[in-house]
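Structures given as structure tokens follow.
Here subunit A shows up in two complexes: once beside subunit B, once beside subunit C.
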Partner chain A sequence: KISLDKEYSCSLNNSRSKTKLQMSAPTLTFVIVGQEDHPIYEVDLTGPKEQQTQYLHQFVLHSSLDAVDEQMWLSKEPHLKVVDRFNGLNVTAFVTAGNTRFLLLHDGRSDDSIRSFFTEVYELYLRVLLNPFHTPTTRITSREFDRKVKLLAKRLLG
Partner chain B sequence: MSGLQPLPSPAAVVKKPARRCAEVCLEFLCAESVRLFHEKQSGPAAAAALEAVGFRVGQQLAERYTRDKSRLGDTLEIIKFVCKEFWQALFKKQVDNLKTNHRGVYVLQDNGFRWLQRLSVPAAGSDPAREEAARQVALSYLHLPCGVVRGALCHLGVSCTVEADPKHLPSCTFTVRILA
Partner chain C sequence: MEEQLQEVLKAAAQRHARLDPVPDLLQRFMSDNPPDMRDLTPWFTAYRSEFLRLLRFGDHESLDYPVTCIYAIPADVVNPASHFDTLVGQLVMPPLMQQDIMYTVRDKDFPRHYLLLLDMAAGMSEKRALENLAAIRRLYGEAHCSLLRVNSGNGDRAHSGAPVDFFARFQHACLTSGGAGEPLARPPTPSGGVGAYLTVQDLDSVGSFVREFVSRTLLPKLEERIARLNASITATRRGLRNRLNRFWKGNAEDRQTDRPYPWHSVEGQMRQLGDLAFLLRQYAFAESTYRLAAQDYLAEGNSKWYAGVEEMIGLCTVLGEPADPIAAVLLQNDPMKYFMRAYENYIKPPAAVLAAATVAVTSANGPVGPATAMPSPPPSAVAASKIGRMLATRVILLGAAVQTAAGRHRATSDALMRAQSEEENARAGLLLEQSAYSMLYVRPPLVRKFAFQMVLAGIRYICCGQKRIAIHAYRQVLALYLGKKWKYIEEHLHAVLGAQCVEYGDKERALWHFCALLDCAHRPSAQQHNNVTQFLNLLTGIRDQLAITQDGANLVDRLPLPVINRHDVRVLCSDAACYAGPSARTVPDSTWLKMEACCTSGSNNWLVDGGAKQERDHEEYSMCVCGEEVGVQVEFRNPLAVKLKVTNVRLICSFTPEGDAGASGSRMAASGDAGPLSATAERSGDVSSVVLTDSAHPLLPGQSPAALTSQPGSEFIAISEAQLTLHPGEAMVEVLRVLPHAPGWLRITGVTWTLNGVAHGRINFDVKGRRRKRPKGTRSLVVRDVPAAHQSSFLCGFVLSPFQDIQAPRWGLLLQFLLLSCWFHPAQAGPAEALSASPATAVPGGACHAPLGAHVGSAAGCAIFGGAVPGDDAHSKQRQAAATGFSVGGRPSGGGVSCDRRQ
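And now, the complex of A and B:
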């Protein structure tokens, strides 16, 4: 009985995103991927979601890493525009010189606001990195960082 | 390093002048850290410890100094970045000479390495034993900058080893060997 419910909610999600009903919750997930292709920070910027959507978002973001690599070979700019699309969701990326990738899963926000969001998060990320107690390959667990990223998202991404 | 300046805060309304720190503090810190690690009885060997410290610092500085730049392409560009902008920010001058054998070995020569300026040099043409002793002392002070350079290169994607050779103090050469 439980598995039937899960299938029902999953198909409902898919049909929702296919028809792009405005009633569906806005999507905005942000992930920082380190040099060794593991996530060091993830946050869902529109509040906690149910498990199915979370898994879907994670999957889309991680599979878009290949697309980010392709775009990296084409351009030297740190800001890459939309690199991958899935079912109405877009993935925009920002790549730093040290090969850290910032990925944002969204449903069609303006490119300029995403750019300014990435630039500001880059500053915050640099400060975390300059902390001698933080190892570059571990997860970012600072609550201050989390709080500031959420504030920035609210301010710049609406 | 060009003083210990904090990154400007994006929300600052009034621009405060960047805080600066006397360079002699950095020199004292380097000298003291060399002495500390050499006198430690337990823990890893001094050379390894200093190199590891330099490695972390190098990674962080590389991330910070490539802030507004577009990404660097191949190994040569990364080495050139280290020779120019990174060296300028760290040692207030650029590397004087860069040689390569195009097979993965780069030699960076700095005539007048800033972190060795305070080391007293035996007069040229004096007793070779004294010169050798001075070279050994200089080597122990070079583990830290070697680590910094290696950390910066590795963070930017060039996996390598860095060795320093203080031939004629205060000029110094750094040999970067790219690991295949």
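And now, the complex of A and C:
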């Protein structure tokens, strides 16, 4: 158990090794967070990560929701740009009219490509929303949605 | 030093930290008077005071060094002057004073005082003391000598009136660095405690002595010193001429080391002047002096000294009145910028480390080649950088305190977060925790940021072995994360808390956390195996699993393995129980008609309106023959990549014998309170024995019935056990059986099992019945809220009593009804209900109206679907079931009329 704790600590506290790690494997995690703060869709766009990194990413994404809540009142645009940073991880957010939040965790990508990615995903999300059985906490499990998001990420985010 | 701090933290945590979270923390923060930070983290206050104390006596600041010296000897010695000389000779000075870096006692202008202590309790002669006083006054001067009477009490604190632990607050452990010339350990405390003989009068006289000494000796001397320093600095630094001089000449020597400036150098003098002015609360003057010094230090690249004066400038701006208040407001003069400047410069690696690094780079590029190992910096440099880091943290603590006092909690958090990243674990944990709490002071509170930083703090605490506060931090935020479906976060919290609980011996709590970890299908199989064995191992030692409860929930109810589909449960009855043959033909038609009448009066068919069966929405009865096995199809699924053994699988049933219909749900075992009840039991007993003999038929094709084992203490129903092995990823539909022996109400509420022979599990079914048809006028599309008390759902069977007036054959044609009952969850009311309700009227009427046979038997379980499944599907499946259903021989006279089964 002690070794387990040590692992957590290594992943979370040493920011330098963290940044080095990201250099080798770029971070790109996309999450749609529903109105009640439930993640309704999650995808890691750059392949599987080790366990501790996954923990860290979720923690960073979750805590950035506070920043999103603040930033969305400062802008008329749904696209909020980078709202939060932690140890070289950036969170870019997009808020829909229904207060669903798109969060992209990345390590410094161009804002334009992220903006167009969000806009396209928003189109897809609207189609999901048309489903009368979709509730604020329903997870998006549609395979087609997943495929299209991945395709968009490949095209727009590289 | 680090060890000492760790000990302090551990002790404070033991004293203050509770393992359980502070209740309604958020509500308290949202209320008008938020809790005090010091109450929330008392261990931080304790740690900080010790930390700041240990950091005193740095070589770049003269704040802590003595400005005066008092020699004290017993009053009745012979030749006091020689004693004073010995004392001066033995004087242990702070290390830096000895090295002549700080202004030293040896200087002739250093303020001194000579004191004779007249100990009354030791019986010193007052006359001699006065003689001695006169002698030393002649020697050292009238103003520098005095006599002090102490210990006039008798050792009894109750009478003396002096506070008991007067000295305890000031007796800290000695500084390891030597500090102000302290010994390594304090002298042992006398038996009566320190200051046992002091009285209030003694303390007063000591006070008046100090007052007099300060005003008559110390302050004039300090003023004198300030004047001297000021004059010297003015001569060399201040003014345009000096500045130009320095500008043209440049720096005299190139300082590449962080060697401190000695006290007599101009740089050292500037710092001393600033510090003295600061101590005398001349903040404006102190600030200007510090600024002057800062230029010098910066120009010479002495980062530590520069950081030191920037820190002091920050403090001066906070403490002193701004010279121009309006400008201060307009420019938003934030002292934080000075603190941050100080922080930046404190953490700069000392010059020695930089030099070592350059050496390493040149040697690597040189002909020796890259094979040479990187020379490690000298240990002194490492220690210096460590101290630099601590000083940086000190600055941040000061800055954070200032920001908190000013109500800028977000800036507090920013500063603390910046400081923690490179800090040693325990301190980083403390900083993170402070930062987290300051997030809650922001309006509106940043709860999610708070939670994240608390988790980070917890991790740091665990790394440095401060388990107690770590658990506290984790538990504090657990409630904020749970139930939000962030699965990795929950997994991390449960893994850490589970491991910590085991360490603390809190098995029950650990079980809850490990139980939550069982849902780990997204992890590699080795880890899944780990999680499962970890949970089961911990559970093995526990005898009464039902006793493990938390927040009213039972661990047995929460066992997530295997996954059981509680919504899709079907009821099957052994349909082959028919009565046909020559003997049956002899039964007169009237008997059959009578028996049918009880089923067909009104209707058991929901297509015929006005049926008496369904009284309420979503509850349905099914019926089966008494003594006929009722099977319930339950789907078990293994989500993991680990083989699971499930044993002791059995249904949870309750049975209410007929005649006791009022007490629904509670199985009235033969308690002998009513005559009819026991009679029913007898009757059903022999009926069922007959059925058992000829019920060799399978419940389902290809499956032979398991051996029936009676539930202990129940003579009305027999519940059979099953066991199954689930391979990785396998899903299996198992038919669990119950055999009612007597007529009455049978309620099947759930299923219970044992996982891998250790863990008991239990789950209640959640099935939905059909909605009742309503007249069009009153029909509404949205289901009204169901009272919470009615939301528990169950399968229920109703067993009718055998008709007394019918000479029923011995095969006991008892009509048993199974009730399928269920409730919609009100939260899901919406379009789903609207759709699922509508097809109820759309079932073709012609499909089901064959004349009902004698054997209107068991009902097929209706398929119940969750809210998201279109209701259309549900009903078409029911229809299919009905169509492919059961053809049962019924009336002997008709030679087996097939009848439709409807539920």
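What we mean here is this: the second predicted complex is superposed on the first by the 135 of 158 C-alpha atoms of A that agree within 3 Å, B and C clash if a C-alpha of one lies under 4 Å from a C-alpha of the other, contacts with A are read in each partner's own complex, and residues count from 1 in each chain.
The working rule: contacts are C-beta pairs under 8 Å (C-beta built on N, C-alpha and C of every residue); 3 or more make two chains touch, one makes a residue touch a chain.
All figures in this text were calculated on a predicted structure; none of them were measured in a lab.
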| item | value |
| --- | --- |
| Which of subunit B and subunit C A:Lys76 touches, first, second, both or neither | first |
| Residues of subunit A touched, compared between subunit B and subunit C (which is higher) | C |
| First, second, both or neither for A:Gln54, with subunit B first and subunit C second | second |
| Partner chain(s) touched by A:Val95 [first = subunit B, second = subunit C, both, neither] | first |
| Touching partner for A:Pro132 - first (subunit B), second (subunit C), both, neither | both |
| Touching partner for A:Glu123 - first (subunit B), second (subunit C), both, neither | first |
| Subunit B and subunit C contact sites that coincide on subunit A, given as residue numbers | 132 |
| Complex interface listing, subunit C residues touching subunit A | 421, 425, 428, 446-449, 451-453, 455-456, 459-460, 462-463, 481, 484-489, 491-492, 495-496, 499, 502-503, 523, 828, 830-832, 867-868, 870 |
| Residues of subunit A that touch subunit C when the two form their complex | 1, 4-6, 8-9, 12-13, 15, 36-39, 51, 54-55, 57-60, 62-67, 87, 132-133, 135, 137-138 |
| Subunit A partner contacts - residues on subunit B that touch it in the complex | 7, 10, 56, 59-60, 62-64, 66-67, 69-73, 155-157 |
| Complex contact set, residues of subunit A against subunit B | 35, 72, 76-78, 95-100, 120, 122-123, 126-127, 129-130, 132, 136 |
